[in-house]
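Quick heads-up: structures coming right below.
Look for subunit A in each of the two complexes below; its partner is subunit B in the first and subunit C in the second.
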Partner chain A sequence: MAASKDKDKAKIGEAAWARMDKVNSELLSLTYGALVAQLLRDAPSPEEASAQLERMGYNIGVRLVEEFLARSGARAAGPCRDVAETAETVAKVAFKMFLGVSATVASASAEHREFSVAFDENPLAEFAELPEALAGGARLQYSNVLCGVIRGALEMLQLRVECRFVRDVLAGADTNEIRVVVKEFMADDKPPDAE
Partner chain B sequence: MAASKDKDKAKIGEAAWARMDKVNSELLSLTYGALVAQLLRDAPSPEEASAQLERMGYNIGVRLVEEFLARSGARAAGPCRDVAETAETVAKVAFKMFLGVSATVASASAEHREFSVAFDENPLAEFAELPEALAGGARLQYSNVLCGVIRGALEMLQLRVECRFVRDVLAGADTNEIRVVVKEFMADDKPPDAE
Partner chain C sequence: MIYALYVFNRKFSCVYYCEWNRPEPSDPEKLAARHKLISGMLYSLKQFCVKIAVEQDPNDKTELHCYRTGAYKLHVYEAATGMRFVLMTDPQAPDMNGALCTLYQTDFVDYVAKNPLYNPAGDTINCDLFSAAVQRLVRGHPNFRS
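Moving on to the complex of A and B:
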């Protein structure tokens, strides 16, 4: 049952991906690299640049959620039933639709208030080479925009979350992993797809 | 003859596009928007922000040209014979490969030292809304990164050019047009595809 649901989400992701307008991923990777470099030049610290990337991602997520609802079929299907389904939808539908890569759900908590999105390929970091001082990965969260995108998009769907990179290939890990912690189920007094 | 060559370039562009790794174009559009907004905050003037976008584009073009040579089949086919073929290759192969859009060559000069690349759809500006003060388009060249990409890539192929937006849909024009002026055929003492 769970396996068949997984397969369904993967199928929905593939179908939505086929409908998306696309550009070359290296163009995104290099453009994103220019943005990170600019923030590093301006911000007082790598930590602050990371926080700015997260905030930029939040604004992007707030915009992308409309596209997600329109093209994934999620608007017609109705809201996710629980956090477990939300996790599957983020990993298998949203990651595929926007980044063209497959992600999986890992280490979901028994109470379903936390989950991880794990993915091997990260198109944002494809060309990234960090200078020695930043290579540890603890100070600069290079791809932090993704954490912001997830937070912004889920907040528009009445789910307040916090996200952070817990593993990053760029920092020497064997895969990428974003930890998502649900902080609040927000009051559903306006529908998620209100304009 | 010219028409059949055009069709060949369009075919090469389509085939190369099919081989490229892709992401959703809105993600690029919103990421690029964040970059432009950041530069506008930091730069002393919109003109300076435009110049910075062009320089960033130059660095991106220097990187993308390798991908272009590897995936377009251009390395095998050998260098373009003249500026007219270069123009067709930029418009029909490179634009398609990286942006997923078709462009055309317009207003080529009789002496083949100038040409325009015209394109209706600009994935970078898909979501852009300029504030009133910038909407005229004369001060901020929103998509100036594209001028830089063309300049950087062609310089790696021994052709020094200057590029500028002469029409921009974002500034109210009916199409986008980048004017490319050849300044110098550089000495070919190292091959264009030297590592």
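Moving on to the complex of A and C:
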């Protein structure tokens, strides 16, 4: 049952990717690289630049989620009932749809409060190389915008999470891994004067 | 006959409103009160629909579709992000959820969500392309006048 559902998600992701308008991936990675380089020049520290990237991602995520809901076809498969299903949807549908990469869910916690999204290819960092001073101690999270996007998108779906890169190919790891920790299941908003 | 379109955001404030086929334009003060009433009704009715459902699964298909009175019919489409699209028509109008769904999935996503000047945290939608799309959709609808 679970396995067939995973396959469904992968299929939904493939179909969504096929429907999307594409941009040239070199254009994307070079533009993103220029953006990160400029942020590094402007920010007082690489840590601050990483935080700034995350905030930018958040603002993207809160909008992008609308397109995800409208175009991914995930709605037809029904809403996600638990964090495990959300994780599958983020990895198999959302990553495929917007980045064209196949991601997998790794090391989900038993209580369903944490999971990792692992992916080998990262179109943002295709041509990037970090100098020793930035890579050491993970000072610059080059692709931190992705963490922000996940946080922003899930927040619009009443799930408050924290995301961070725990493994990054740029920093010498063998794969990319974003750890997502669920902080809160948010209640529905109420009208301002509801009793 | 189509009377009005409301768009509410997740905070229940009315971010877009447009009316048609009324003898005279609505008084702005009454309009604000009406927005409040509708948003309050949407909230309460949603709670009601979930509580009253036979299967106690909050994710089940309990969402409000439309309701009808002798004088009008109110159609609702709610996206998972809490954006709500409400259309008011005459009571004989057919199901309009398809139209509202199209409005969200194509026009709202393309012209509003992707518009850098739109603030998702609670701005009124002030976008000519979206307004034009709304007019096209509503005026072009077979039930616009009849």
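Operating definition for what follows: the second predicted complex is superposed on the first by the 183 of 195 C-alpha atoms of A that agree within 3 Å, B and C clash if a C-alpha of one lies under 4 Å from a C-alpha of the other, contacts with A are read in each partner's own complex, and residues count from 1 in each chain.
By our rule, contacts are C-beta pairs under 8 Å (C-beta built on N, C-alpha and C of every residue); 3 or more make two chains touch, one makes a residue touch a chain.
Please read all numbers here as calculations on a predicted model, not as lab measurements.
When the two complexes are overlaid on their common chain A, residue A:P79 makes contact with subunit C while staying clear of subunit B.
Judged by the touch definition given at the top, the superposed model places A:V93 against neither subunit B nor subunit C. Look at A:F127: by the touch rule set out above, it reaches subunit B but stays clear of subunit C. In the superposition on chain A, A:K22 contacts subunit B only, with no contact to subunit C. Contact with both subunit B and subunit C is seen for A:R63 once the two complexes are overlaid on the shared chain. Residue by residue along subunit A, subunit B and subunit C are tallied for touches, and B comes out ahead. Of the two partner chains, neither subunit B nor subunit C is touched by A:A171. Comparing the two interfaces of subunit A, the one with subunit B and the one with subunit C have residues 63-64, 67 in common.
The touching residues of subunit A, when paired with subunit C in their complex, are 62-67, 69-71, 75, 78-81, 156-157, 188-194.
Every residue of subunit B that touches subunit A in the complex is listed here, in rising order: 20-28, 30-32, 34-35, 38-39, 42, 56, 59-60, 63-64, 67, 97-100, 123, 127, 145. Subunit C makes touch with subunit A in their complex at residues 10-13, 36, 39-40, 43-44, 46, 57, 59, 79-83, 104-106, 108-109, 113-114, 120.
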